[in-house]
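In what follows, chain A forms one complex with chain B and a second complex with chain C.
And now, the complex of A and B:
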């Protein structure tokens, strides 16, 4: 019986490759694996955006209109709807001069209550240290 | 030479792009290249925007990434039709880096 913590760290830009989309879909899917595990076992995901990856978190993505695919914005909101822990690197949004208003910080429009958190890289590093598995995308 | 350059990445292309010379150099930002038109790193705009006065960015790629209304004023947003016109009408050679 154990809880396995998995840290999904997103450092890639969205859309040109599937990397960041895979991170989000895997993190979301980790919430459904409980039915395949023994009683008491579970997975605790944490999703963190660092470096160029913070640009996945910009609001008003219109991927469905242009590409006919779901946006990373929608996946991120689904992550928050499922109460995943979502962290965005403070230093990197500072580097890109992004305001908190320009970022997807909640999923209130679809009924989510959990909010994303802007945190220093050191805090993301602590999450990585405490994770059983690290997955970089 | 009139050279059109399609830029589809945000990283790892400056070493090539910034050394290119042409009588007319057009830079067309597509895919993740459109981040050059918006992102400021450490308060500085992308050096790509200093390379030429002929700067374009594909509107669909801008909208997809949530960058609309925040594009650098030097960059003209274009549609796919505009892109075809540029390739066939404005530039003698077109490369993709």
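And now, the complex of A and C:
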């Protein structure tokens, strides 16, 4: 029986490329990985937004209106609904003068109980150091 | 010998990252390691069969088919990413698998190393 931690680090802008969407969908895929693994084995995902990537966490995204696609907000809320650990870099939201109020911090509107956490980069580094594998998007 | 999982997200045409990743896989297999090769996003272009080889672009089908014959290499494309680009099952190169993203994470679970090569 083993648990392997995978850290999904999102540093890409939303919508400019597919990268951050793929980060979220791959992280969410951790919820069904057990079908390929031995009993008791599993993957523990951690999703962290750093640099430009923190802009993926902005509230009230209008992707369906603008592009006709699901928003990254919806994917992020699905991640919280599935109890994924979500970290947002404190220093980087400061660089964009963003406040907690402007960010997606929970998924209460769809029944989620887990909240995102704004943390110093040093805490994200600790998560990366303790992860078995790192995936940068 | 070790197991390497390589995930690639760059397109075959327009970037040399995928070319590099396949050649890295080839070198690893030749050293006796096994390689799981995951393509997602634009990299699913690699799974398309009957690509015409031009000298201006990377042509990797032959290398991939030789790697598959070794039994120490498996290539898998993200099914949703491929379908979104119009690459259907019948368009897929023989030996190339198609799965959902959890396959990649499961492969990483048992890998000694994961090399995740991001996209555009």
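By definition in this document, the second predicted complex is superposed on the first by the 137 of 137 C-alpha atoms of A that agree within 3 Å, B and C clash if a C-alpha of one lies under 4 Å from a C-alpha of the other, contacts with A are read in each partner's own complex, and residues count from 1 in each chain.
In the analysis below, a contact is a pair of C-beta atoms (placed from the backbone, for glycine too) under 8 Å apart; a residue touches a chain by one contact, two chains touch by 3 or more.
This structure is a prediction, so every number in the text was calculated from the model and none was measured.
Q: Put the two structures on top of each other at chain A: do chain B and chain C fit, or clash?
A: They fit: once the shared chain is superposed, the two partners occupy separate space.
Q: Please indicate which partner A:136 is in contact with in the superposed arrangement: first for chain B, second for chain C, both, or neither.
A: Once the two structures are laid over each other on A, A:136 reaches chain C alone.
Q: For A:30, decide between first (touching chain B), second (touching chain C), both and neither.
A: Only chain C; A:30 stays clear of chain B.
Q: Quick check on the superposed pair: does A:74 touch chain B, chain C, both, or neither? Answer first, second, both or neither.
A: In the superposed model, A:74 contacts neither chain B nor chain C.
Q: Report for A:19: first if it touches chain B alone, second if chain C alone, otherwise both or neither.
A: second
Q: By the touch definition at the top of the document, which applies to A:95: first (chain B), second (chain C), both, or neither?
A: First partner only, chain B.
Q: Quick one: chain B or chain C, who's touching more of chain A?
A: Touched residues of chain A are more numerous for C.
Q: Using the touch definition from the top, say if A:62 reaches chain B (first), chain C (second), both or neither.
A: Touch partner of A:62: chain B, not chain C.
Q: Where does A:52 make contact in the superposed view: on chain B (first), on chain C (second), on both, or on neither?
A: After superposing on A, A:52 lies in contact with chain B but is clear of chain C.
Q: What is the C-alpha-centre angle with chain A at the apex and chain B, chain C at the ends, nearest 10 degrees?
A: 90
Q: A:43 in the overlay: touching chain B, chain C, both, or neither? Say first, second, both or neither.
A: Touch partner of A:43: chain C, not chain B.
Q: What does the superposition give for the shortest Cα distance from chain B to chain C, in Å?
A: Once the two complexes are overlaid, chain B and chain C approach no closer than 13 Å between C-alpha atoms.
Q: Across the complex, what residues on chain B touch chain A?
A: Checking each residue of chain B against chain A gives 8-11, 31-32, 35, 39-43, 60-61, 63-68.
Q: What residues on chain C touch chain A, complex-wise?
A: The contact residues of chain C facing chain A are 7, 9, 40-42, 80-81, 100-106, 108-109, 111, 114, 116, 118-120.
Q: In the complex formed with chain C, which residues of chain A make contact?
A: Where chain A meets chain C, its residues are 2, 4, 6, 17-19, 22, 25-26, 29-33, 35-37, 41, 43, 132-137.
Q: Over in the complex, which chain A residues touch chain B? Could you list them?
A: Residues 13-16, 52, 55, 58-63, 65-67, 71, 73, 95-97.
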